[in-house]
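Pasting the structures here.
Paired with chain B in one complex and with chain C in the other, chain A is shared by the two complexes that follow.
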Partner chain A sequence: MPSQLTRAGLWLLLICMLLAVPHGLSFSQQEILVFLTINVLVVTSYRLLALTGEWSLGHVVIMGVGAYASALASKELGIAVPVAMITGALTAALVAFGLSYPLFRMKGFYFLIGSFAAGEIIRLLWKRFRDPFGGPKGIKKIEPMPDFDIVIWRFDFFEPVSYYYFCLVVVGLSLWIMWRIEKSPLGLTFHAIHWQDKLAESAGINVRAYKTLAFVIASGFSGLAGALLAHYIGTINPNSFDLEQMVFVLTWTIVGGTATFFGPILGCAALVILNEIVLREFGFEQGRPLIYGFVLILSVLFLPRGLEGLLQDFTGALRGRGRQGSRQ
Partner chain B sequence: MFVEFKAGGHTRRKFLKSASAMAGLGLMGAHLPGRAAADGHVIKIGFLAPLTGPVAAWGKPGLDGCRIWAEWINAAGGINIGGKMHPVEFIGYDNEYDPAKARTGATKLIREDGVKFIMMLGGDTWPGVQPVAERTGMLFSTLLPSDLGPDTTTLIAPAEVHPIYNVTGVEWLAENKPELKTAVMCAQDDALGLPSVATYLAAFEAAGISMQHDPLLFDPATTDFAPVVTRLISDNPDIVCLDTCYSDYVHPITEQLFQQGYGGQIISCTADFYDQMIDRTSAEFLEGFVFQFPDFDDPALNQPFINFNDPNKFFEVYNERHPGEWGAVSWEYASIMDLWKSAAEGAGSAEPGDVLAAMTGDGTGAHAFGTAEWWGEDLFGINNALVGNWPVVVIEGGKARIKEYKSIPEWYAKHGELLKKHMSAYGQMWDQR
Partner chain C sequence: MNVTSSILSVRDLGMSFGGVKAVDGLSLSVERGAIHGLIGPNGAGKTTTFNVISGYYTPSEGEVLFQGDRISGLPMYEVARRGVVRTFQHSTLFAEMTVLENALVGTHLAHRPKLAAAVAGLDKRDRNAALEKARAALDYFGLLSTADSRAGDLSHGHQRALGLAVAMASGPEVLLLDEPFTGMNPEETRTMMGLMEKLRDSGRTILIVEHDMRAIMGLCDRITVMNFGKLLTHGRPHEIRSHPEVISAYLGSARNVA
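After this line comes the complex of A and B, so read on.
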């Protein structure tokens, strides 16, 4: 009972902190917070796919599918933005389902390369077909999330704090669903496929179907993240979802660690804050790629389990000290 | 302030006022600007461009040039606003050519640093910034007039009317080398390459030079240009046009042209770091290479109609500090600042609206290459592009030299319909973008 109370208290504290955090930041840091929140959804959904043991290089492009679908749905079809966002997520999931047929005929390194190729094909289609995708310039003047009032409060979604709260709700809900999936028998099956796919298959598990399911769910959430991005910045183009962005997602995931749910979130938050706030603040505007790369090398060398490993060691040490204290 | 009470709606003026008040009070958290901003002496100018990454060559050299410009202005006492001298300071923000980061940068520069004017490269990054510009009324400049549209009322293109000035190079070629009759062209398939393709097509058609085949559009991720060049020169064209390729493309394409034995004329919008191209090919091979951006040690820049303070000295100082980094944009942002300074001094105010009104009020402006007119409604839907003369530059004996200044408005008066035809075909008119 006390541990449940402690846990509830910790959750409450976390929620309060997340609600309060933008008010302690500068305007540009609030903007970065919005993008960070969206990126958290991207990396967490990426980990859901990685649970099955497959690493994709097309995840950011799938995020783009959600962004394009949502932008087109609102701009061309006049669908309300929140509904368009859901349409974007569903389209991304549907495209992933279509891609799963050729992609899951491969695994491991071949899947990685196949996902890259599939992503590039999608990007080239965006560039090739100016109607409706806008070609290399992409889509501009995407409908923003409409402002609304709740009692005496006005949510103006041009402003980063309003949009952050909106993202916080959407991303929070998405993370909760992914968390529940991971902790359900479905999640355990994903883990089993990752570590012992032959054994899982011999136990009657349809490995390909489960991998497809993980891919589709992860892509749906990635597409939702793309939709959130598109309706905030108001423009998307094929370069917004290129391999460079994918490398960032991979880096956040690897540096954070994939063993736990919070690992990639930790990696994403730490590296975005380092790159976008700390290095800029310290005047390393133009030296950021170099320093960022150096930090990555150091983290891979000295933190092989990622930042989550560091955190686990730290909390483990705290628990150990607590037990020692209670024995004495 | 953001999740606000219903009654507290924002107007542009209120927004700018509150932002500057906040900056003055130092309530901007970790991004606290220098104290000088609060006492009203320093005028801050934002520089929002790619300073790292593949497009940095069109951002960073501009910031370096601006810092020299600021040193000179400050050494001379600063900017005279209403009889009071104000030093000027540039605040850079690396947008990495990403619209989301450009939005963040614009927010920081306006709401935390309290800048009075923001210079951008434009292109892919402008749509991310446009809502911020609309909301705040901040004055922005772009190097790419294709960003302009009827609703971009606070965006100006005062330095270069890319890609329209490219017509002057083709026109000069037609007049001076009339034996050249056929051309081919390649370009990266992006926001910078396509309007330039349309412009060159119009210029070639106006000059009576026929295209051997459709422009070859390559993906911006291309790194191997051997097949591109093989295809380009397969019919032995008189002219190879490199459109507005980034220097990362111009260099390898030129090298491939050299290695594959091309001996004809080359024309390009830019030839940044052409000394490196000479090192990799030869001075003989690049002899006669036509492009549009002069070195500022050129004696032709010392003529009385040039509105740029001591260009030769500027070039010398720039090269002392940043050897080997002189490029197309090294002087452009500084020349925009000349125009801005003159307008701010004329208006007696550094406020964006006042400066814009003073800058465009009489329909003309002091462009670096001579007096020019605010123009563009036909092509961009708004007269916010400053157009006049533009130099045609040719490499001679391993050195870039201005051969002639040619008038863009005069060319447009004769061949404007051709340009509109090709722009429409490539979906580049303002109402198609």
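After this line comes the complex of A and C, so read on.
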């Protein structure tokens, strides 16, 4: 089948591009690329919960739970870093499961506020308990990813390029899993809950259980992202996961659009690139929250379907047919 | 009333909102394999009764029994799981999803999605079976040709039919239908009546709320009449049609009994 062949070709091209990207960049730009890759996992997992119609303000704190758990597991318990990362992800999922009990008694606006409060409580615990969380100063000297060789390839994880490739594999695999979930009957169930929870429930769907499932999966991947971050930057503290970071995640997601899988990724990439190229080059780095606020308002006003909508219109015009994503 | 053959019974049901008693001491019993009408003027409490039976509300008083088990107070999904599924008075659909996807949601009970199997791609058999069931439900209500349309784009009559198809896809024992014929033209109504008779003949039980008296009288085996939340009377269609209190209740609300 020719269409399948072109599809495979496009994937190959994308992979080659992703592999080639860091080689044209400076060291600091390579570091940004690592953060971007991690943030792609954060926004994609954020969208998984948004599929059920609930928006959380605790996602970045949950990411922090993964970061803290993974850092502590490797530092205090001496667990190997890759295993510690998985421990971090599982801890984040477990904490989310615990939180789901009070949180999903609420929905909509109340859930939003409740998730914010829950996140702040977790951050307070980090600040309050010096042992084991290190108080306001957080955790320093987190074990880096150990170097290893694959045949003749030496992965030295002080090199951003190596860590970027590592993240690419982990994030790629995570995205694939979330993609499979969304395209499965489970994803359809999440969509159904979003559009009409009353009808979904009358069709026998235990709405709270499925919201909890979405929340737990999303949190697990967010925690994994946190673990990737922690072992790269080597130091984390309660302010690494504050509301400002959450606002960035929200902005990426809203600017990108949540109707398709790729929307938030697009938003994240576009804004990070804008941030790095425009703001940093012109020495306007402190203006980031301001610019983000501005971009957010502009996109809500003029791009209600987000960047993905713009892209769909564009590719739709190219193909000469209307947009119509098909699920299942 | 033959108690042993009743599949669904409502006993001394009361539902109040603040000071308003929307349902007040209602009792009724639906026979297995019957089409049972629930009628009454606007605001009589019919939809509220459905909301209580389907688990949307927990009754203030009384209980609902399904096959002898108490189902009142159970959450809505659990009532559906037991086999009592309702449709909504105001077209309630997944408007942004396709017609086929709507029906697929209806198959949830028979084919619960499983996380690991879905990711690994090991649920092909379940997916195909669900697809077949969803298509069959659409076909039954004449919607198969619209399977790929967005549900919100359907005509009003087709939207009502889709609501029925979603309910049917979950394979319920008892269907609660809240005004299924509104928005349908006479022809569609007639077709739909035929389909409901077919459903009954295949062994399903239907409890139906409807203002279209001609349809109700033609379709129902038994009818319960409510007014101001209370039971007014019950009986066979010809008994109801000539019942003086029913006529005056309806005249009081300026509606006509056919």
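Going forward, the second predicted complex is superposed on the first by the 309 of 328 C-alpha atoms of A that agree within 3 Å, B and C clash if a C-alpha of one lies under 4 Å from a C-alpha of the other, contacts with A are read in each partner's own complex, and residues count from 1 in each chain.
As a convention for this text, contacts are C-beta pairs under 8 Å (C-beta built on N, C-alpha and C of every residue); 3 or more make two chains touch, one makes a residue touch a chain.
Every value quoted in this text rests on a predicted model; they were computed, and no experiment measured them.
When the two structures are aligned on the shared chain, A:Pro185 is found in touch with chain C, with no touch to chain B. Looking at the shared chain after the overlay, A:Phe158 reaches chain B, while chain C stays out of its contact range.
In the overlay built on the shared chain, the residue A:Lys198 is in contact with chain C alone; chain B does not reach it. After overlaying the two complexes on the shared chain, residue contacts for A:Asn237 are found with chain B alone; chain C is out of touch. Legend: residue contacts after superposition of the two complexes on their common chain; A:Glu31 is shown touching chain B, with no touch to chain C. In the superposition on chain A, A:Asn206 makes contact with chain C only, not with chain B.
Shared contact residues of chain A, touching chain B in one structure and chain C in the other, are absent. Only residues 54, 56, 75-77, 80-81, 85-86, 88, 92-98, 100-101, 104-106, 108-109, 111, 113-115, 118-119, 121, 123, 126-127, 130, 148, 166-167, 169-170 of chain C touch chain A when the two sit together in their complex. Contact residues of chain B toward chain A in the complex are 1-6, 8-10, 28-31, 51-53, 60, 92-94, 97-101, 103-105, 107-108, 111-112, 124, 127-128, 130-131, 135, 189-191, 193-194, 219-221, 427, 433. By the touch criterion given at the top, residues 22, 24-32, 35, 124, 127, 130, 135-138, 140-141, 144, 149, 152-156, 158-162, 165, 229, 233-235, 237, 239-240, 242, 276-277, 280-281, 285-286, 288-289 of chain A touch chain B in their complex.
Listing the residues of chain A that touch chain C in their complex gives 177, 180-181, 184-186, 188-189, 191-192, 195-196, 198-207, 213, 217, 326-328.
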